[in-house]
Amino acid sequence: MNSPARGAKLPRALRTILIVIGVLVAYVIAYRGSEVDFPRLIGSLGKGGPLMQDFLTPDLVTREIQPVTLQLALPVPCGSAPEGEVPASGPRLVPGVPCAELRDKFTVEGIDLAPNTELQLRWRLPSDQYFPGPFISTDADGHFSAEFEARPIVATKDGVPSKIEVELLVPVGGPKPSAAVFEVLDAIIVTIFMALVSTTAAVVVAVPLSFLAARNITRRGRAGTAIYYITRTTLSVFRSYEPIILATLFAFWVGFGPFAGAIALAIVTVASLGKLYSEAVENIDPGPMEALTATGANRLQVVLYGVVPQIVPDFLSFTIYHWDINVRISTIIGYVGGGGIGYYLAQMINTSQNNKAGTAIWAIVVVVWAMDFLSAEVRKRLA
Amino acid sequence: MLNALASLFLPGLGQFLAGRRTRGLALFGVIAVMLGLIIWAVTPAVGGAEADITFKGNPANWRWLIVPTLLWLWNIWDAASPRPVLIPVIAALIMFYVMGWQATEIDLEALAKNFDRALIILRPMFRPDFLQPKADRLEAWVELEVPCSPTPPAGANTLVGTSLSLSAGCASVGETLTLTAGGLWPDSDAELVWQSPIGDFFALREPGTTQPVITRTDSTGRLATRFVVPKAIPPGIDPNLPQNQRLYVRQSKVTGGYELSTNGFFVLKGIYETIALALMATTLGTLFAIPISFLAARNLMSANALTLGMYVVVRTLLNIVRSIESLIIAIVFVVIVGLGPFAGMLALALHTIAALAKLYSEVIEGIDPGPIEAIRATGATWLQVARYGVVPQIVPPFTAFTIYRWDINVRASTIIGFVGGGGIGFFLVQWINLGDFRAVSASFIAILVVVMAMDVFSARVRERLI
Amino acid sequence: MLEVQHLHKVYPNGTVALTDVNFTVNDGEFLVIIGLSGSGKSTLLRCINRLIDPTAGKILWDGVDVTTAPAGELRRIRRQIGMVFQQFNLVKRSSVLTNVLAGRLGYANPYLSLLGIWPPAERERAQRALTRVGIADKAASRADALSGGQQQRVGIARALMQEPKLILADEPVASLDPVLAHSILQYLEQLNREEKITVICSLHFLDLVHRYATRVVALKDGQVVFTGLPQEIDRARFKEIYGEEAIEVRAGMAES
């Protein structure tokens, strides 16, 4: 009595074991196939640091740079001319002694200069000519200290003392948007347009196709059935490819630029929207059509008043949803196809201008976010 | 009337004050965007040359001002008494669309004009390079120097059973030399192939034609032929510097049956990596997304200001990562762990965490609190409440979302190789750049099979779970 | 014995749910709480097993103050108090048997129960509880495959698993049609009479109150406006509790 139950139970346990083994094997194969190497990830995580740092400090603002000369009068010998005054704050030169006798050695300090910068110190002689001094570099606080010697050439002449001089590059004026901001703005507008144009073009093609791919409309008779299956299959085939793959082919055909990306995007969008639309068409409630036919309306009127109102909200909602998706895809499609923010990003990364790449990435985040929000809002209203 | 006046000063204000807030905001936004776009369109690109100006920077774009101006007038009219919105919507769409058409550099002419290039892509597509007839191959080579140096090589080489000799061990580009060979297969065709100093192979062509040089051996397996020394130095290298180059003689004999071609092998390897990294990325992503999703669920995190702050931070991070396509994330990981599927896997996993954690957290937010209350009332501990009240509610939708994400990851992993992230895309992008469209065709078929299979599988499983 | 003393509840958003509620429930009573929706019935029931923490006051369960019980003690109190809900509160995707077993969580080994492992004795107990409410054959079904009346029986079976001394029933029949309402209340009455389980039940319909209650507490705006025997509630009293426009709705004729 018990044996049939037992017999049924055993294969089930066996099946579970087989499934578990199968999953384990699949994971082992997948683990090897994806060349998983976490020690390497952890060991070289530091390599990503500078890159991330550049991305997180995007190139947004710039200030105009102007050369500024700091001067300090140093009479040699003492009393031959008035001593130079040292300002209390700001970038300044501070001498170890207020004046010097011939052949004296003294130090000069620089305070509040640009940090970690190489500078050349020099004398400006009473004759207005230069006499080069030492090369120095400032520390992280913008401070340096240099040795000077009061050579005879720097002696005061006709009551005019020689001056110690250093030329600095100082940012002046308020911050303003950097060139990268404008370049990114250009690229991102082109990206949004790329998505808009390809989505619109795709809608125009997808609407008629969706009726061909709708079971309840097309699948009548042998020819209709054939059309239905051919359309469906074609749509499925093109839906299987990421637009970026097709973009590389079109870049070969029509040349690099947003156009190649837009065509590729349009093709995949046609395939995707065609399917979504056709499902909306298949879900039409025949009730209203029946009712309209019963009132004596003609075929066109039935379609206009019975079918169109049913599908338009769905169609609109799908279209906006796809525009949103297409903006996301356009951000990368330029990476291979040329054009838009993806192309800019590729250029910046290939030339290691990672701060500018950071600007592009943040622009992508903002735009995708905004599109996401807008599309959700509009679809909420349509639903 | 007052509303019309308000709208005269600030588009949409009148509508806003009249309680039609959406329309007011939309009007203001659309007019602002239009004006911004026009200013953008008339400003020349940064660093662009004046000669390049077609659309961007063209002062003719000022004429678009007519649309926002008319819309402004319409907006005043609408503020006075509500008007149907259809015509302004169409006007705005036309403006955006035409500007978009120009900005996207749509050039339908190029589509037709360059149709020959399309044929270069399409023709080989019907002959995917996956299998090839099985054949035995015989290969022999001889080294020579172009142009001549004082000490040229011998111009003869003997390999297992074959011997090749040239009329001279060195020559200049364009000179004609004679090759004599022995020990080849008798009475069969032999192809002459050149190897450049940097290692590229190309078939020697008959002078002035695109026909490859093919000669026939005699009944003793010998051949003698004349050939013109080709220019094989890549640009950038001094052509007067003597370089060793090689001439190959290749023969092949079909033995019947088929075998995997070299590219076919790479297609299989690529598709294997693609599937593998999609599976690993989904698994890894799921493992991390589950705990994170609890932190991103509003109903669990609104207990106090601290947890609410954590919720906001987690949500924001997820949104940021989700906005960045995995392809871009992959660039960073390629820098960190180097080229290969591991980098792609990590990028996909990170994107998966962000996407799944959001979906999961929405499931958690939608949990029915009733059963939880009921199980708390039985005297269950916190863990028991989670196990019997929460887990049964969230596991099926979590599974459905995970499978859905797996499907997406398989698609994404076909392209992650474009930036060096492994998978079929890695080979595909090289084949496209080399113009090897037969191999491209083979990979397209492989991608189609895998993506469609995944599509069907994921749809089936989700149907069952919901 | 359950004593409710000076119970107050103010929600964080300022809603005053209960104001100075006092009453006593003796063992073996079938106490019915009546009142309009929003009068505080659900809050009161949930304060008793502290699914909701009261703002002030005491609830003494056999002399132990529920309101100040520490977590472990509270769980031991809760497992003696079964609860039945208006919306049944079953885990819809779990099987009926799992839902019933969940009632035993307060007694079960905390680790094994997390793995979903239950001793055969507990499974038998669950099966018995299902037999008792007449749906033994549904044990393997998913909870959401059952009708409303059947789901509420699963709810009662889950409460039975706790071997409760007290059952709190929050509008147990408000989501059911009148015939089913009687059958559910009859199960509760049977438990009350045969097993001497005290029942505190909130109800909407006056005829159900007359039929099942041994004592009645009426709430209005969070205050007790009446305590007494069901027979004392006539039309006038009813209007006083439910307001002038209220019409007495009969919950159907099914009467044995």
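For clarity, chains are labelled A, B and C in written order, and residue numbers in each chain start from 1.
Everything that follows uses one rule, which is that a contact is a pair of C-beta atoms (placed from the backbone, for glycine too) under 8 Å apart; a residue touches a chain by one contact, two chains touch by 3 or more.
Given the structure is predicted, the values throughout are model-derived calculations rather than measurements.
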| item | value |
| --- | --- |
| Shared interface partners, meaning chains that touch chain A and chain C | B |
| Contact pairs, highest-scoring chain pair | A-B |
| Approximate Å spacing (C-alpha centroids) for the pair chain B, chain C | 61 |
| Distance from the mean Cα position of chain B to that of chain A, given in whole angstrom | 16 |
| Chain B-touching residues of chain A, taken from the complex the two chains share | 26-27, 29-37, 40-41, 44-45, 47-48, 51-52, 55, 179, 182-183, 185-186, 189-190, 193-194, 196-198, 200, 236-237, 240-242, 244-245, 248-249, 252-255, 257-259, 262-263, 328-329, 331-332, 335-336, 339, 345, 349, 361, 364-365, 368-369, 372, 381 |
| Residues on chain B engaged by chain C in the complex (per definition of touch) | 368, 370-371, 373-381, 383-384, 387-389, 392-393, 396 |
| Residue ranges of chain C touching chain B (in the complex, touch as defined) | 49, 51, 75-83, 85, 87-94, 98, 102-106, 108, 110, 113-114, 116, 155, 158, 161-162, 168 |
| In the complex with chain A, residue positions of chain B that touch it | 22, 37, 40, 45-47, 56, 96-97, 99-101, 103-107, 110-111, 114, 117-118, 120-121, 272-273, 275-277, 279-281, 283, 319-320, 323-325, 327-328, 331-333, 335-338, 340-342, 344-346, 411-412, 414-415, 418-419, 422, 425, 428-429, 432, 435, 440, 444, 447-448, 451-452, 455 |
